[in-house]
Amino acid sequence: MMSYRFKGIFTPLTTPYGDDHISPEKLKENIEKYNVFDLSGYVVLGSTGESVFLSDMESEELVKTAKKAAASDKTIIAGTAKESTQLTLEFTNRMANEGADTALIRTPSYMKSLMDEEALRSYFLTIADSSKIPIIIYHIPRSTGLTISSKLIADLSEHPNIAGLKDSSGNVAFLGETIPQLHTNFDFLLGAASIFLPGLIMGASGGIITLSSIAPSQCLRLFSLYREKKWEEAVNLQFELIPLNKAIIETYGIPATKYALDLLGYHGGPCRPPLRSLDQTGKDDMKTILHKLNLL
Amino acid sequence: MMSYRFKGIFTPLTTPYGDDHISPEKLKENIEKYNVFDLSGYVVLGSTGESVFLSDMESEELVKTAKKAAASDKTIIAGTAKESTQLTLEFTNRMANEGADTALIRTPSYMKSLMDEEALRSYFLTIADSSKIPIIIYHIPRSTGLTISSKLIADLSEHPNIAGLKDSSGNVAFLGETIPQLHTNFDFLLGAASIFLPGLIMGASGGIITLSSIAPSQCLRLFSLYREKKWEEAVNLQFELIPLNKAIIETYGIPATKYALDLLGYHGGPCRPPLRSLDQTGKDDMKTILHKLNLL
Amino acid sequence: MMSYRFKGIFTPLTTPYGDDHISPEKLKENIEKYNVFDLSGYVVLGSTGESVFLSDMESEELVKTAKKAAASDKTIIAGTAKESTQLTLEFTNRMANEGADTALIRTPSYMKSLMDEEALRSYFLTIADSSKIPIIIYHIPRSTGLTISSKLIADLSEHPNIAGLKDSSGNVAFLGETIPQLHTNFDFLLGAASIFLPGLIMGASGGIITLSSIAPSQCLRLFSLYREKKWEEAVNLQFELIPLNKAIIETYGIPATKYALDLLGYHGGPCRPPLRSLDQTGKDDMKTILHKLNLL
Amino acid sequence: MMSYRFKGIFTPLTTPYGDDHISPEKLKENIEKYNVFDLSGYVVLGSTGESVFLSDMESEELVKTAKKAAASDKTIIAGTAKESTQLTLEFTNRMANEGADTALIRTPSYMKSLMDEEALRSYFLTIADSSKIPIIIYHIPRSTGLTISSKLIADLSEHPNIAGLKDSSGNVAFLGETIPQLHTNFDFLLGAASIFLPGLIMGASGGIITLSSIAPSQCLRLFSLYREKKWEEAVNLQFELIPLNKAIIETYGIPATKYALDLLGYHGGPCRPPLRSLDQTGKDDMKTILHKLNLL
């Protein structure tokens, strides 16, 4: 049903900082570590990468660095959404020039009540028409307060330059309603690790999941178990991963992801304010969870 | 992991009316039709049964009728929730006397902001202690505006008289977080047909699903395909059932279920006001959907 | 603009219990204390009265007791909502027979998604047509998850047996949109003490406010200051009352109201489970707040 | 209680465009028209100004133009929020250099679940410490999905460089809880015209209200009536303004504001995509509403 151009696991990268500036060097070292895993690609400028906290110059530098550091078979997906059609298109093509292979574009949402079906349709079609690279629609109601209908996704999936959807709604019923309506040239990518296995079974081609930045081999193993139809093992592994995923997504957020990276030998480091560092309870909790998974 | 005391598919019954009163005769005839299917039991006084619109006397009559009409291997589950601990307990035991095998008890919610973890815990434990029949907790945030935590479900699952959970949240991540924590003597029952297959794969023992009142053989076939590990067929059938389920749950509600029953030779009939009858658009839409599924 | 049939302050009564049963005797004593104040009437079977926790028999007894104990110039308003049109109408007339002067009827909400404009319109019109006593529509989105439009309120205000609206939305803009559209024979009653003064200024005729069960003279004084156009004093008193109101409505709920009543010499007592008693922090907090207002 | 440094009515300016670029010339002409009214100042780069759709260069140009075109007694308030502390501070000082007198800074919200009390406190304090111009906190839960507590506002009001709050919550109870706690050097400005009069009565010093861009003299007259204590006339005028305000804020948004401006001889023009132009129904509706107010 899917094109499976975007298959497997894509890892959203965190953004490491130096003093007051992003650190391309640390990003490079992180990516080199990830390169040894069978990950399908990396996302720069995603939510996990604190994209809303970065200047356009820093964004350019991150994309350029990621493209250079990534193994040649890894796809570089860049988050390029601004709120207006024009600014998003300009920024998308700018990131394409820096090396992005694909653009991940969140639904605009500041003017929520005016973002009706036609506004969103026109937004994505206009951008897709003139983007130098394929785009993936990003559906994240938790952040945007906005949902997008199955019907609209299905319509947009017909456009040759709209390659897929990253769905972070966590809503398996939405997935079940949407997937049968999609053009074959379009991929459904899961944004919620908590439903990775059921999502794959229902037809998703893979996922863009923050959990894989901390537990890449476990996530890849879950994907393999699914493909080998080892269902029982797969379900058990899915269960095991849920507490870690909940901690980094719901309970503690990006500061916990970065703390875990520090513990695991990557460059995590602090987030930019107004995000705060993980407090001691959070740190202890994260250690316990990582120990249980034998990651520490 | 589950006890599998509550396994397979339980059908929530609609409530047929005569003039100004429930019609036990019509209910009996509906049940006799359902008896030929391999359904595990019936739910009377559920949301689908318009329980909130019924008098206590009518409720008694429905339970008594259902128990008598049901084939002997079918479990009779009765919705017995009132808002207070005392009234719920009294009503539960009254329905037990009329023949209910199990009680389905919705989280109280009128005083939402005061229904914290301890209030809910104490509510269910007190009732479970003195109920003559096992109870199933009913989680339906869409109606109650209240969620219940995995941890609390897990704690309550230890009680020998709390037999399971009916979860209508539709949230597969919640299911994945909850199931591994449950006592082995406790069943997780799906309340959302839209995620029936993924829910089963993740460990649910069955479902209480309104869809099975209209499409019992399709729902039973989906359950069989799951048990026979015919995954591909199962996914396709799950996809096929989603539009019908969406129509009767999200778009049109109980009036659409009853309209479909009328078309299919059961006693559907009108709902009680303030519920209104399905309008012509809804009727046309339902016919189209039922035709596509070869139910008409 | 208003009829001012329902003018001034109506006090929602809490329900005092004996062992396992309501205590009509204690209710009588409470009412006799309230009778000395210039309150316009009492509400029995309101949210504050834990109506959802009471049996129909207890409800009858409470209405009968209230009618008997109330001074002859006080209006007895009874909360009579059930979820169905038929049951609500029956219960309304039953309470009318027990002495209720007016019925307060909450929007039905269990089947939220089906409670559209027409369903609500028909619900209230049907009841108003056959109710022996005038009815007041009760709008409390916080509990029901349902809002009602200004236009519908305006339409319903034309019915001679629909006497008013109790609005607990706390939304002054809604009030400003609604009041100019109302029939002159219809009163807008505030259900939120936090906006009592601004609501009066915008045209409300009075309020049904729980705060007046604890602080009747302060609430009455606020109403007097408003009528005497002593704006500055009125604003200051409104400010002073906000923390107490917040404590009993948002933070602690009915258990705090009853605790305050105990401190003030009324019969407060425990709530029915699943409501819990106020914990020590809540008690200390309530004492501090009551001291600041010189109520203790 | 208030400092009344920010007193009266501040008009959020819409952003007029030429081909693909903002039009400073048209902005200048609009401002020159507004200069004849007794408005206290103008907001550039507000929600109404489509700030999220503008490039930083365009933003600079707008602020510079506004400062130059505004009569010398008008305060120029610029919306300067980005999501990170650092970027917001930089942009604030950049706009200060272009002529902004005050910065209006929305609560960051993309990472909603992590924007707790401490994160928001630190965000505003850090910016206030280093901003060259005073800042006004902008509370708009409708867009951000985030509320801010009275207590935090009160704490922040102590900072000498935090001059006020623009509150677009529309919640008069919040206002009543907050105002008594504020430092005397801090102003509460209303962001919701629907509650302008009740808000002033409760102690707000003025408002930043989009309605005043279409109906400046009516808004100013309402403010005068309030100050002259002509309550009855004031309430009537408040009622009259509510339908227009509802149309431009809730029903149709910025496209309706701009359409009205076109009708009234200002430069309205189109919005930037993904915002769409007002459709014919909306245009007809706006004309009717403007006629009723004798604005056309």
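So that you can tell them apart, the chains are marked A, B, C and D in the order they are listed, and the count of residues begins at 1 in each.
As a working rule, a residue touches a chain if its C-beta (ideal position, glycine included) is under 8 Å from a C-beta of that chain, and two chains touch if they have at least 3 such contacts.
What you are looking at is a predicted structure, and each value in this text was computed from that prediction instead of being measured.
Set against the Cα centre of chain B, the chain with the most distant centre is D.
For this pair, chain B with chain D, the centres built from the Cα atoms lie 50 Å apart.
Centres computed as Cα averages put chain B at a distance of 35 Å from chain C. Because contacts link each chain to exactly two others and close back on themselves, their graph is best described as a ring. The part of chain B that touches chain C in the complex is made up of residues 20, 47, 50, 52-55, 82-87, 108, 110-115, 118-120, 122-123, 126, 142-143, 145, 250, 253-255, 272-276.
In the complex of the two chains, the chain A residues touching chain B come out as 170-173, 176-177, 179-180, 192, 194-195, 197-198, 201-203, 229, 231, 235, 238-239, 242-243, 246.
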